[in-house]
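Should a chain be cited, it is by its letter among A, B and C, assigned in written order, with residues numbered from 1 in that chain.
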Amino acid sequence: MNQNKQIIVEFKDVVKQFEKDLVVLDHLNMNFYDGETHVLCGRSGAGKSTLIRCINYLEKINSGQILVEGEPVTKKHARTIRKKCAMVFQSFNLFPHMTILENALLGPMKALGQHKGEMIDQIGTYFEKVGLENKMDALPGELSGGQKQRAAIVRALAMNPDLILFDEPTSALDPEMIGEVLNVMEKLADEGRTMIVVTHEMGFARVAADKISFMDAGKIVSTCAPDKFFTDPGHESVERFLKQIL
Amino acid sequence: MSFNLYVLFDWWPQILSAFGTTVFYFIVCSIAAVLFAIFISILLAMRIRGLTTILRIYITVFRNTPLLVQLFLLFYGLPFIGISLPAFLCALIGIMLNEGAFISEIIRGYIESVPKGDWEAGESLALSRFQVIRYAVLPQALRDAVPAMTGQISIVIKDTSLFSMIMISELTRVSNSIYARTFDTTGFLISAICYLLLFLILSVVSKQIEKRFKVKR
Amino acid sequence: MVADYLTIINFLSAGLLALLKVIPISMVLSLIIGIIVGVLGYLQIPILKYIVTLYVTIMRGLPPLTLLLLVFFSGSFVSPIVTAIIVLSIYHGAYVAEIIRAGIMAIPKGQHEGADSIGLSVLSKMVHVIMPQVWLSIIPSLVGQYVILIKDTTLISAIGVMELLNYARQIMQVVYRPVGVYVVVAIFFFIICYCLERLSKYLERRIKAKTIL
C-alpha cells in the first residue's frame, strides 16, 4: 500500500539505551511516509518520546541508523535535519521572554536566515489558522494552555518543515482545551502535512491518522490503518491497551 | 568621632572631586564586570572542552583570593614583569576579573535553572548552541539574575574604597589625606555618608529594575 | 631563587600570627553579634527594629576599609589589632544577623505556633525550639560569610596591623620580588578560602539530602 509514497523517516535496527540495562529502543525498524499523519501510541515508558526525539537528534542513538529524507541523523547533520523537521512539545516550551510572534520568527530568522519582511505575512496566516491572530503580541505567560500550544504549533509551522513531530501535545492541557488543539492538528492532517504524533487521544487518531502504531517495551508491535487498528489490531497486547483506554 | 563642618568648608573641592571619582569608577567598573561576566557565562554555557576547565579555575581562584591582593599584583607586581598599567586600568581590570568571577557564577546558576525544554525547543528550531544561548536562554537567565546581580554590584561601591591603596584619589584616599593634614576624622564620616548615599540610590534603582524585569512563565 | 621564597615564606609566617588572632576572634564575635541582632531583627520589637535595620543597612552600605580607618583614627588609644577585631566583628556581625534572621524566617510557621501553644516564653522558644533548627540550614551561608571575613583581613594592613600584606611590604626590601611575594600571599588565602568553600558546598549537599529524606 506504500509503494507510491516516499519514505521520509527510516529507522534501521535502531538501539537506544540510557543506562547499560535500560534499553528504550530495541532493534527498532520502522518507516514513516511522506504526506502521512502517523500516530504513535503505547503505555507510558514504552519509548515513544525517545523514538521521536531521536529523529531530530535530541537523543543520540547507540547503534543502527535513522535516515531523514535519506540523510543519516548524526551530530554533523543535526542542524540540516532540524531545519526540515519541527517539534511540538508536551509542555509547549515557548520562550517566556518573547511574544508568540517573536517565538515564531526566531527559527526562520536565525536558523534559516530569512528576513522578517518575507516571513511576517506567512506567519500571520498561520496565526489566523490557529485562531490567535489577535494575540500575536502576547507573551506566553498571558495565554491559556491551549493558546500556548497553538502558538507552539505556529512556531513549528513557521519553519516550513517537511515533517512535524508532536510529543503528547495535549497531555499537559486542561480537558476543556484539548479540543482546540486537536482541531488545529486535524486541519494540518487534512492539508496533507507529514506528522508523527505521539498521543493518547484515540478520537484524534481515528479521524486524522493515516496509520497508527502501537509501541511496547522499545519495539513497534503493530502498525495499521485506523479502521483495522480499532477493530482487529492483530496483536493481543494492543487489544488489552485499547480496552483499558477506550 | 565628631562632625566638624570646617572640614567640609576647607576641603569641599577635593571631596567633591573624590566623590566624582568614586562614582565614575563604580559605574565603569560595574559595567565592565557585568559585561565580562556575561561573556564568561556564555563561554561556560558553550561547553567547549578545555576552555570550561580553564574558566572554572579562573573563577575559583578569583573568588577565593582577596581583591586587595589582586589589585597589588596588578599594580605593584605587573611592572616587575614588564607590564606597567596605569592605576585606572589596574582598578578596572581588577574589578572586572574579581567581580566578574562572582557575577558569572550568579549568571551560570540562572542559566542552569532555565528549563531543559527551552534548550530543546531552541535546538529543535535548528539554532546553533550559541544562538540557543543568545536568544532563548541568556535573556531569561539575565532577567532572573537581576536581583542577585544588583546585590553583587552594590559590593562594587565598597570595592572602590580599595583603590585608595593603589594611588587613586577616590573618597577613602582623600579622607585619609585630610586626616593626615588635620588629624580630623570628619573626612571619613563624609565619605561614609557618600558611600551610604550611593548604596541607597543603587538600592532604589535596583528595585525599579527588578520590577521592570519580572516575567511570568 | 628557592632561597628567596624560603625567606618570603619565613617572613610571612610572622604575619600569620596576627591573623590567627584576628580571624577566629572576629568569627566568634560576629557570630555572637549576629545571633543577638538577628533574633532581635526577627522579633520586630518596636523602636528596636528600626535600630536593627539602621545598623544592618549602614554596614551593608559602608566599605569595611572606610569603617576601619574611621574607627581607628577616631579612637587612637586602641591598638590596631583590637580595632581590627572590633570593626570586622561589627561589620560582619550585620551580615551574620541577616543570615540568621533569614534562617529563622525559613522555619515553618507551625514550629512557632507549636512552641507558643505549649506556653513557652519567647526566649525559651528561640533557644530550645527555633535556633537548633536554624543552625543546620544557615551553616553554608555562614561559612560563605566567613570566607569574606577572612579575605577582608587584608584591609587591616591599612591601619598598621602587622599581617601578611605589611610583612610582604617589608620583605620587598630584602627580596625585590613583588609578583612572587603577592602570589605567595594569594596562595595562602586561596588554600583557606577554597577549603572553606568546598566545605560549605559539601555541607549544603548533605543538608539538602537530609531534608529531602
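Here are a few things to note about the model shown:
Assume a residue touches a chain if its C-beta (ideal position, glycine included) is under 8 Å from a C-beta of that chain, and two chains touch if they have at least 3 such contacts.
Note that the structure is a prediction, hence the values are computed from the model and not measured.
The chain pair sharing the most C-beta contacts is B-C.
Overall, the chain located most centrally, as judged by its C-alpha mean against the mean of all protein C-alpha atoms, is B. With centres taken as mean Cα positions, chain C sits 21 Å from chain B. Inter-chain centre distance (chain A to chain C, centres taken as mean C-alpha positions): 56 Å.
Chain A and chain B, compared by their mean Cα positions, are separated by 46 Å.
Across the complex, chain B meets chain C through its residues 1, 60-61, 63-70, 72-73, 76-81, 154, 157-162, 164-165, 171-172, 175-176, 179, 183, 185, 188-189, 191-192, 195-196, 198-200. Residues 115, 117-118, 120-128, 131, 135-136, 139-140, 143, 215-217 of chain B touch chain A in their complex. Touching chain B in their complex are the following residues of chain C: 57-58, 60-67, 69-70, 73-75, 147, 151-155, 157-158, 165, 176-179, 182-183, 185-186, 189-190, 193-194, 197.
Residue ranges on chain A touching chain B, taken from their complex, read 56, 58, 79-80, 82-83, 86-87, 89, 91, 93-97, 106-107, 110-112, 139-142, 155, 159.
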